[in-house]
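Shared between the two complexes below is chain A, which pairs with chain B and chain C, respectively.
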Partner chain A sequence: MEYLAGTIILIALFVILASSYNLIIGYGGLNTVAHPIFFALGAYTSALLGIHAGLPMAVCILAGIAVAVLVSVLLAVTTLRISGDYLLIASLGFQLGLLQLINNMEFTGGPAGLSAVPNTFVGQGRGTIYVVICTLAAIAVVWAIWRTMNGPFGRAVRAMRDDELACAALGRGLISIKILIFAMGCGAAGLAGGLYAYYFQYISPEQFQVAQSAQILTMVVLGGIGTTMGPIVGALVLVALPQAINFLQLPNSLVGTVQGLIFTTLVILFLFLRPGGLVGHTGSQSSHGAAH
Partner chain B sequence: MEPILRIDNLCKSFGGIVVADHIDLTISAGEILGLIGPNGAGKTSLFNLISGVVPQDAGKIQLQGRDIAGMSLHNRARAGVARTWQHMRLFRTMTVLENLMMGPRDYPGESLLGSVLGLGRVRRAETAAHAQAMGILERMGLAQTAETIVVDLPFGQQKLIGLARALMNDGRLLLLDEPMAGVEGSNYETMQRVVHDEAAAGRAVCVVEHNVGFIKDLCTTAVFMAQGKILQRGTVDELTRSRELTELYFGTAEDAA
Partner chain C sequence: MIEWAILLQILWTGIAMSSYFVLLTVAFALTLKVEKLWNFAQAGLMGIAFFTMFFVVNKLGLPGWAGLTAGLAVTVAAAVALEAGAISVLRARNSGGLTFFIFTLVFSQFAAYVLTFLFGTEPETIYPSVMSPVRIISNIAVSDWDIQAVVTTIVLVAGLWAFLRFTRDGQFMIAVADNAKLAEIYGISANRAYIISGAIAAVFLTVGIYLYGTRAGVTPDVPLVLVLTSVIGTLLGGLGRVFAAGAAAVFLGLLQSFSILVIPSKWQAMLLYGVLFGALIVFPRGIPGWRPRRVQAPAAPAVASPSPAEG
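And then the complex of A and B:
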């Protein structure tokens, strides 16, 4: 049961990560690779507060979201004014630099990480409680993104992605739109981080490597970039598949190879056969929300 | 007539190329002013300077007495500068209606919180923008295209949608960059009628066109530009009769009659 709960929780957390990453790169067209570091900021902030300040779980997680949002706004304000390509480089530097800092600071536990995150729920039902919390959090994040992207704000975001100059010439402040979606997406990553820290009670820098961006991006692309359902499907497939492969009881030396083969084959197949992803449109009519 | 746009001593150069050379220009309410001149005269550059796409080097730009020269592109739109683009720049993944609903210059619905929570004033703004958009589309006979993805429309209708989107901005200045190029038949007549109606309703309209025939159909007065300078202002007939200007113009563009 605990194993199943763990899998469902991972899926829920990756739904949050993939949906929020999709908000930033899919809807917003902002190319960043720094998503894992905001996941880490949420995780470390709530873990540290939980360990040292003994605050309630909800307060710690909210603080984690706040820190992720605050830092994302700082990064956005300094880089978004320049240009899209600049953000990619800046976000890479930010991701690597901040993780290196976490890796070398004493209060973050260095490479060993933090392993004494308080256990909020004890006993048989712990897994189930976290399944409920994480699933509700995922639903809330997906709902908020769906709602935003299908309303007037989302229309402005899609207009900006289609043509920045025309959008600005209609009176829309692009910088504020970009900062808002960046903050919203990074805040959601912070939420996933807080939940991750509290459920697994152990976090270390290697769980938030830049390579995780590629994993989350694969979920987004596989499911369907710029769609609501895409990241959900993508997260489901990419978390469940490795677990399914584990059930095949392959020799340990083979598991990694088989996983790698399957993932790369999937990505290549999708690029050729369904560039819009599992739920995306394949024709010329690209995604557009119904705004009424 | 009430002056809407007033430009004094506007200057701009890119490196050694002068696109605006001490330009003075006033456009009044109800006026449809044509900008004519050879390629590279600085007509579109003047639009870009007025709307704030590029900053000027020197000079004053006043909109209804308010200095807008220091404002950013989006703040000038909010101040009341509406423009179209030579290559339309429509939002290609969006429907006609969604394109138009990006047009209102001040729009509370586009705040993130208001959008998520669906606040009352956001819903009212949506309803008002929707009604305004449908009204403009009906005037153009394009109401049935509202839910069509904009790039699936024929070229002439896309040009009209470009104008319709600009008209969602209820400011007093309207800049049209080659609105007639490639537009034929009933779409041409619609374009002409709507532009005339907007001027009659009190907008100051400025039009860049290469084709002098279009300018004659559309404009009340015109200015002739060359090398970033305004050489002469007058009626379209006066300008086309001037031998000096015709030589400047037809010397570079044979098909402009």
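And then the complex of A and C:
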């Protein structure tokens, strides 16, 4: 039962991550791969406040969101004047640099990470409580993104993605739009990070590596970039399918490797067989963002 | 006060150690120049190259040259297969940059998982010992490995320069790099140029990871870190400037080597990422002084002549 709860929670958290990433990359057309670092910032901020300040879980997670938003604004202000592939690579450098910082700091636990995150809920119902919290959070994030993208602001965001020059000519402040969607998306990633830290009670820099960027990006693109349902389907498929390996009772040392093999094989197959994504259109695909 | 001998020693060691950075960076920059592809799959190819050589030398007990030959053959074959079987398909579909990014990164991860499955996660070296004989020249320790690495790098880079400059295929690669569609109108096969650039890159990658793997331990995750260094070198050199990217890799190697004088070794990786981030923000198109000088056009006539595109 706990295993099932853990899987549902992971799916919900990845729905938040993939949907919020889709907001930035799919709707906004901003090619960054730094999303996992905001996930990490939310997780570390929440965990550190929980461990050292003993604040309530909700306050710690809110602080995690705030830090993720603040850092995302700083990144946006410095990098949004470059675009396309350059933004992609700059965000990669930002993520790896910040991760290295977390890895080398003593108060973040270094490479060993933080393992004493407070256990807010105890007893047999713990998994169920987190399932409810994480599922509600995922629904709230998806709903908020859907609402935002179907309103006037969403139309402005899509206009900016499709033609920046025309959008600017209509009097829209492109930088403020970019900063806003960046902050919204990264704040949601911070929320997922806080929930992750509190449920799993252990975080380490290894969990937020480049592989994580590829994983979330894959969920978005394979689900259907620029769609509401795409990231949800992508997260569901790419979290649930590799879990099937747990039923084969392989040695523990092999489970991660075989899961990785299944994940990467699925991604490569989907890229060639369903290039438009599971929810998006089929046929030839041209992803938003970087011209190639 | 730091002695000159120490500084010279760091300089020499930095140059020698930057040799594999140069080879890996040139491979990355060449692919980016000709194919317009940020090819993170090169990390996977590096892993394939290293573990092929490791298997031939360590498990089969064959000599180093046999390992290197096998590594070259397998990696070039893998690079050509990757180009012909996957990248060309994505290119034909007009896939976006994100799709290429995902595919090449995931291919590298896939290769890393397969290699982890086959060889485990312990760091491995091609030869049982990474020590090589050392001689003292003017108070500087120079190892056989240093000389081998520097000479190999110079020969390969000079060979690439000559290939691009003096062979038809090399000139075709430059033409495709400049404008693939126009090159095809003149009867040049862009696909052939892509495959040749992929094969040349595979040679550089194999030799680069050979040098690295005879000096330090390699795990299936290491190549991805090395590719990031290539990315930094390529950006610093300026896009489309293959040999400037190689020079930038030397600079990065020296920066890392000299940084031990002022910062602890654990922060060296962060220094590289800081350079990457800073370089992109300050010089998003490469270091300005390194950009090719444009050919001066003759004085413009009073009436504008039609541009080449128009006529």
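Just so it is clear, the second predicted complex is superposed on the first by the 249 of 292 C-alpha atoms of A that agree within 3 Å, B and C clash if a C-alpha of one lies under 4 Å from a C-alpha of the other, contacts with A are read in each partner's own complex, and residues count from 1 in each chain.
In this section, a residue touches a chain if its C-beta (ideal position, glycine included) is under 8 Å from a C-beta of that chain, and two chains touch if they have at least 3 such contacts.
If you're wondering where the values come from, they're calculated on a predicted model, not measured in any experiment.
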Which of chain B and chain C A:153 touches, first, second, both or neither: first
Which superposed partner A:168 touches (first chain B, second chain C, both, neither): first
Partner chain in contact with A:53 - chain B first, chain C second, else both or neither: neither
Chain A residues touched - chain C or chain B, whichever exceeds: C
Partner chain in contact with A:78 - chain B first, chain C second, else both or neither: second
Contacts of A:144 with chain B and chain C, given as first, second, both or neither: first
Partner chain(s) touched by A:184 [first = chain B, second = chain C, both, neither]: first
Common ground on chain A, meaning residues reached by chain C in one complex and by chain B in the other: 285-288, 291-292
Contacting residues of chain A [partner chain B, same complex]: 144, 147-148, 151-156, 158-159, 161-163, 165-174, 177, 180, 184, 285-288, 291-292
Touching residues on chain B, where the partner in the complex is chain A: 51, 53, 72-75, 77-78, 83, 85, 89-95, 97-99, 101-107, 109-112, 114-116, 118, 122, 125-126, 130, 149, 165, 168-169
For the chain C and chain A complex, residues of the former touching the latter: 36-38, 86, 89-90, 93-103, 105-107, 109-110, 112-114, 116-117, 224, 228, 231-232, 235, 266-267, 269-270, 273-274, 276-277, 280-281, 284
Residues on chain A engaged by chain C in the complex (per definition of touch): 25, 31, 33, 78-79, 82, 84-86, 88-90, 92-94, 96-97, 100-101, 104, 210-211, 214, 217-218, 221, 225, 254, 257-258, 260-261, 264-265, 267-268, 271-272, 275, 284-292
